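Chains: A, B, C and D, in written order; residue numbering restarts at 1 for each.
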Amino acid sequence: MSKATKRKILKTLDRAEEADTLSKRFDMLITTLILLNVAAVIIETVDSIHDQYSLYFHYFEVFSVVVFSIEYVIRLWACTVLEKYKHPVFGRIKYMFSASAIIDLLAILPFYLPFVLNHSDGRIVRILRLARLVRIFKLGRYSQALTLISDVIRKRREELIVSLTLLIIMLIFASTLMYYIEYEPDKPGFQSIPETMWWGVATLTTVGYGDVYPVTALGKLLGAAIAIMGVGLFALPAGIVAAGFESELRNRNKKNKGQDE
Amino acid sequence: MSKATKRKILKTLDRAEEADTLSKRFDMLITTLILLNVAAVIIETVDSIHDQYSLYFHYFEVFSVVVFSIEYVIRLWACTVLEKYKHPVFGRIKYMFSASAIIDLLAILPFYLPFVLNHSDGRIVRILRLARLVRIFKLGRYSQALTLISDVIRKRREELIVSLTLLIIMLIFASTLMYYIEYEPDKPGFQSIPETMWWGVATLTTVGYGDVYPVTALGKLLGAAIAIMGVGLFALPAGIVAAGFESELRNRNKKNKGQDE
Amino acid sequence: MSKATKRKILKTLDRAEEADTLSKRFDMLITTLILLNVAAVIIETVDSIHDQYSLYFHYFEVFSVVVFSIEYVIRLWACTVLEKYKHPVFGRIKYMFSASAIIDLLAILPFYLPFVLNHSDGRIVRILRLARLVRIFKLGRYSQALTLISDVIRKRREELIVSLTLLIIMLIFASTLMYYIEYEPDKPGFQSIPETMWWGVATLTTVGYGDVYPVTALGKLLGAAIAIMGVGLFALPAGIVAAGFESELRNRNKKNKGQDE
Amino acid sequence: MSKATKRKILKTLDRAEEADTLSKRFDMLITTLILLNVAAVIIETVDSIHDQYSLYFHYFEVFSVVVFSIEYVIRLWACTVLEKYKHPVFGRIKYMFSASAIIDLLAILPFYLPFVLNHSDGRIVRILRLARLVRIFKLGRYSQALTLISDVIRKRREELIVSLTLLIIMLIFASTLMYYIEYEPDKPGFQSIPETMWWGVATLTTVGYGDVYPVTALGKLLGAAIAIMGVGLFALPAGIVAAGFESELRNRNKKNKGQDE
């Protein structure tokens, strides 16, 4: 088949450009299929639904894997049209180790593995069933959201590491002090520093489940001080991500406008 | 009646301009009536109050519906003065399907429907009673707040969709992992992924009711990691709305000043 | 006594200018006395401490009231030196109704009232005891913090009203829907819309005590949606106050630098 | 030994410059040792792990203290090469009271103290064991994060003090009012104002453990109002720290780029 055909196919598979109606429709089909797959993985875990419709879930799974497998094979076959993967053998092997190809493979593997592995182990069966959720990352090709957040994290990496370091130091100190104050034999929640850290995270993120909290006067005083101070520190990564997100979106909008003109 | 009269009436009904004292007083009357209606819907649900004053609530309801019905009919009759709804028949039909006319209709419908429907069904009676709350949207004509937020959401639509997408992906992954780790037959809260999502939302929004939380060491470790990372993502929409709100208010203030000069 | 003396006394009582050492020392004394008073009101409510040291608390109260009364009388006597309160009789009456004079009066009144009122009613005695806390506002003369926040709220009044309106509409709708879904006779927490609002506030502010939460599947779905959307709205006033606070502080710093040069 | 050698040693001990490979490796070694020490202090508190590996923990502690002691002695001996600590005796004494030298001393003291003190008191033994956590501050020499946050707090000191003052006043008023409304003999959580403050902190930081919350209608009304208003105030320090953090990081990045060019 000619290179032009391959190129056409790859273009149709990937995210559609403005004018390409065929590719747009295909995008919508594959996106819908991925979302249905995610929904299936989630809903299937409800026992009552699973028991009643397990056959339909199975049919849908087989159908999805067939489609995704065909997509994978086509991409592998057509990738040689790209300069990077030009070589008919090594180019394809190189392509197989690209991030998106690995995701495509992981998306179908949970279906094929049980034919190879001994799948009498219930734990492995469950892992494989949930591993199908990796299909959500196939959306990365079509969705702005997933690429955006990874860009933001990459660009603000340094700030995020600094603030996460502070956050962990704060957590260690808060938990150590609280452990020292609240520890009593047989009092659950403060039996060791790692155990006290569960209280620390719940408090500093302000989740506050209420399963553990200080009960001594000194513990409450310290807990209050930690809550007041820590809330600021734990809001740092949120603020950094939000700021990066805003500026990234502004940049993209500018670029898009630049292209339109 | 002359067009001038119709125009005068419409002006009086709508939000007052600076100098128009009559219209201003009318605005205050209708706003007060709407707020009293909202208060009535809310307070009426308290059994002890309802039992004692049900007759007064009924009188007030009849009075309100009469006023709102008259307002609706006047608006429908006078709308032809506007260019858009010029035609005496089709213009009025077109007006009836405008957003504010639909709200006006929905505001009085719950009163008239029981005369048409068989209202022996307690569920429908309750829906109709609460549906009266739609009257709060009649404030949209007079209140800046309601129009402001819809403007902000419209303008920041794209950012909000992106961040909500991220948020839902985060929620799905967090819940799937936690379900896998914490699932045990007969342990409530983690029986299926949708059920685990209730924990996920409570944790990632930092509400943390404390009705479900991980109890295994691995679950707590994962829960802590999710809480720390997720808090940032879930603060995104809040940040976007806040930023849009600020810039929108600034724009409006500028415009107002521009008009004053 | 000469006008110069009066002026000197008023200056010493009020917030010290940079060079005025006497006034500075006096500020510190009165600030310390106010803070000790606040601490006394708080600590006195601990029964074990109150029982043991009630006499000391009483002596301290008498001493404080004497000082504050003298301060009040001196200010009233010296105020005529100011242009606004020039008239010996009406000027002083006018001064008595100024905000800071009212605070000064309220600060000492709880001590004198029991001599006038019949104070056998325990409820009134308790109110009077706690009313002494109003003394904290006497700090307003010396502390930047208290004047700052009132400035911020005044300047951002409009935005705050808009966002509080949105917040209350959100709360009403969330609570009405949840009440409709979760209501069941004898199920506490969702017996009426006002009662459901307690859940609404706890959820939308993300406090989440965990005393009430939805238990039906539909209620949890709605609760999750409300939590995700509402968190943004409820963060609005916080964002507005924070932004106003920042810009206000920047302005003040600029002004101070301008004065120094 | 020559001054050049001393200088070389100090350079190797301190944070590495770009090109200095030896110093970089040494930094990594000492950083790893510090992190392992912190991990040891934390993990050691888990009884099951402590019981099984107590000997290994002891060996590791001895090894760490030897390394840190040698480091301390070398630094003390070499510090005279710096202009500030030039004098062979007084310079070294002066160095001993520098912040980083005190941290270095505190890091090893918990090991040596029991040889001096009577360590039969279990409480002191536990304090000394946890005091080893001070070793985390030794990271300050190598980590940007720790110096960054202290810079931010120093520069925004004024704003932080103002907002903390507001926050404490808010807390005092909220707790006093709530105490007055909810107090009843034998009702835990609202027995005194200091006790009610525990509720106040949990609510205003939105942690909301759920161990105490108002139960009367009036108390819930007040609690809701406090939660809505207070959330804004308690987000202030977080916002200030986040803004300071962002601008500080931007400054540093600029400086670094300036140096590179």
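To be clear about the criterion, contacts are C-beta pairs under 8 Å (C-beta built on N, C-alpha and C of every residue); 3 or more make two chains touch, one makes a residue touch a chain.
Here the structure is a predicted model, which means the values were calculated and not measured.
Counting contact pairs by residue number and requiring over half to coincide, which of B-D, A-D or A-C is equivalent to C-D?
A-D
I want to confirm something about chain A and chain B. Since they are copies of the same sequence, is their interface symmetric in residue numbering (over half shared, so same) or not (under half, so different)?
different
More contacting C-beta pairs: A-C or B-C?
Comparing B-C with A-C, the pair joined by more C-beta contacts is B-C.
Average the CA atoms of each chain to get its centre, and name the chain whose centre is farthest from that of chain D.
B
Rounding to the nearest 5 degrees, give the angle of the rotation that lays the CA atoms of chain A over those of chain D.
Result for this pair is 90 degrees.
Starting from the mean Cα coordinates of chain B and chain C, work out the distance between those two points in Å.
33
Cα centroid separation between chain A and chain C, in whole Å?
Chain A and chain C have C-alpha centres separated by 46 Å.
Taking each residue of chain C in turn, which ones touch at least two of the other chains?
Each of 202, 206-210, 235, 239-240 in chain C touches at least two other chains.
Per the contact definition, I'd like the list of chain C residues that touch chain A in the complex.
206-210
Would you tell me which residues of chain A are touching chain B in their complex?
Per the touch definition, chain A meets chain B at residues 38, 41-43, 45-47, 126-127, 130, 133, 136, 143-146, 148-149, 164, 167, 197-198, 201-202, 205-211, 234-235, 237-242, 245-246, 249.
What residues on chain A touch chain D, complex-wise?
158-159, 161-163, 165-166, 169, 172-173, 176, 179-180, 191-195, 202-203, 206-210, 213, 220, 223-224, 227-229, 231-233, 235-236, 239-240, 243
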